[in-house]
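Presented below are the structures under discussion, each in the form of structure tokens.
There are two complexes below, and they share chain A, which is joined by chain B in the first and by chain C in the second.
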Partner chain A sequence: MSERRPYRRAQPRDWWAHKPYLGYTVRELSGVGVALYGGMLLAGLICLWRGPDVFDAYRRFLASPLSLLIHVVLLAAMLWHVVTWFQTMPKTMPKLIVGGRHIPQKHLTTAGWVLAFICSAAMIATVLAVGALS
Partner chain B sequence: MSDAIARTKTIELRVLRYRPLSDTEPVFATYQVPWSDDMSVLQALQSIKDAQDGTLTFRWSCRMAICGSCGMMINGDPNLACNTFIRDLAPAPITIEPLRNFPIERDLVVTVGDFVKKIESIYPYIMPKVPRSIADGSYLQTPAQMAAYESFSDCINCMLCYAACPQFGANPDFIGPGAMALLQRYNGDSRDGGQQARLDSIAGEDGVWSCTAVGVCSDVCPKQVDPANAINQNKTKSAFDFFLRLLRPGDGS
Partner chain C sequence: MTQSGMIHTNPKRSLAPIFWLLFGAGGMVSALFGPALIVLTGGMLPHGWGLPANFADYAHVLGFVRNPIGKLVVLAVIALFFWHGAERVFLTLKDMRAGPPPILRVATYGVAALLTLVTLALLLAVGF
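On to the complex of A and B.
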């Protein structure tokens, strides 16, 4: 009567495509978007190195509708990556105890978002200022 | 009172059953259960066992979300049956399965042996930094020192986090969220000196590095232990330890 015959159910192959894991999947894919954008910037650098003609071709590609579409998608991926990166950040840190009190994780996330916004705004302002002066 | 009787409601429970001696694989059985607003899923199962089918097997003990025995998949999500109420799920049929990612022993009972071994493997006790005799008096700890680990000591070993972890589903040898929360409970204790022994036990692929920060383990935890935090802060420590190991003289391992 006490014979054991444990039954192991296999994990579905598509677990990542369903709730509650879909958010995680999208978060990780947004990282791929960030990498692709890094590749695009690197391509620009290589074109610059290869000479003015090649760089002009690169700039023409940037102005094309296809490139604009890609950039809109990559911008969305980048923004989502920033949002979720700071949501994950507190999970990777030891508990922050200040004056004997535990700082809630959501405060760290909000601080990260504010910092990212300030840095991004400063970067855009710098680019616009340099563009206006040159 | 007569009102309550007149308004007897019935809920359909679809329960995944597995009888190792007669079933080749688990199959769903359907039960109609009369219910009231204060009835938990655990009470519904108990009513089936009492009135309909005495062979239905499930674990339970305290009925108040502290013993960690009655974890199961309720409508696909890992939950404590005693802490989930029919009123929140009715009137749709409720699907009840054993905890995901664990071998099924019988009906809703899963194998816990591997989980217990994992807990044993991380030295789940204080290894004093400085041995003291009784004459030396007690170990002292400030509220801030206690706050550093206290929440990790709230784990009730219900294994919902393991059922929520797709990496544990892919690799049953992964140390997993619950054992890592317990590890952090001791590693974060100011009285403890066993950090290195515990870090050594979780350095490999089956240690912290199977975790990809999915984070659902912390979402399903009924005690807000946040095992995802326990694992991920130890990835940083494990990575530092990997490099510091090269600098430590006399450590050939």
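On to the complex of A and C.
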């Protein structure tokens, strides 16, 4: 009886830290940035609940250079999330056929980026308008 | 003896679609509005760039969070962002073989569920 010795491809434990998987790892880590920003908002809600003095301390922290640095990093992660989210989206949905023509994935990605830009720009414009009118 | 040939009348259902849905919803909301939210709450509101100084003070933010629609927005943003991150971290840690999946689930989905409940409780505690 022959012994079965199937070939097992070696997979180092730190495979995720090397190409070509590094891009995947960085993309997934953008989700940590999204969650951390959720935590930043939750911290604000906790401070709001605790009262005006605590909330003012939270606002003072938000106005500090450290907070600005944190938010710049979070913004970078969020922007990478936007880029990769719409790169992935067409791969997760069925082929889109409009009027008998197949819409290429590239176009769906670009449409997603444009939509994201419009949504974020509209949100900031709305807040600026409310601020100007108040 | 397996049940081959028999019809499974009560197959084991997976909860994965629920987590996948929360991940997708959080991913889409953050992709569309996340950059604006960070620029607003991390830059413009605290520094008063282009906005009145009292725009995001205690009274105004409390008023926003006491509004039912405001509550819904805050809950959707915070909870969905947590669920989005939880799914990504869970799948990545699973692929890294960082530990047994049940423990990884508690450490990711569990945290997201807990923080969702905390957010909900705070939104009710600040009043209407």
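The rule is short, and it goes like this: the second predicted complex is superposed on the first by the 127 of 134 C-alpha atoms of A that agree within 3 Å, B and C clash if a C-alpha of one lies under 4 Å from a C-alpha of the other, contacts with A are read in each partner's own complex, and residues count from 1 in each chain.
We take it that contacts are C-beta pairs under 8 Å (C-beta built on N, C-alpha and C of every residue); 3 or more make two chains touch, one makes a residue touch a chain.
Keep in mind it's a predicted model, so treat the numbers as computed, not measured.
In the superposition on chain A, A:W16 makes contact with both chain B and chain C. Judged by the touch definition given at the top, the superposed model places A:I124 against chain C, while chain B stays out of reach.
In the overlay built on the shared chain, the residue A:M78 is in contact with chain C alone; chain B does not reach it. After overlaying the two complexes on the shared chain, residue contacts for A:R59 are found with chain C alone; chain B is out of touch.
A count of residues in chain A touched by chain B and by chain C gives the higher number to C. According to the touch criterion, the shared surface of chain A, contacted by chain B in one complex and chain C in the other, consists of residues 16, 28. By the touch rule above, chain B contacts chain A in their complex via residues 18, 20-21, 25-26, 77, 100-101, 103-105, 111, 142-144, 147-148, 151, 164, 166, 169-170, 188, 212-216, 218-219, 226, 228-229, 232-233, 235-236. Taken in their complex, chain A has these residues touching chain B: 1, 3-9, 11, 15-16, 20-21, 24, 28, 88, 90-95, 97, 99-102, 105. Within the complex formed with chain A, the chain C residues making contact are 26-28, 30-47, 50-52, 55-58, 61-62, 65, 74, 77-79, 81-82, 84-89, 91-92, 95-97, 112, 115, 118-119, 122-123, 125-126. Residues of chain A touching chain C in their complex: 13, 16, 25, 28-32, 34-42, 44-46, 48-49, 52, 55-56, 59, 62-63, 67-68, 70-72, 74-75, 78-79, 81-82, 85-86, 112, 115-116, 119-121, 123-124, 127-128, 131, 134.
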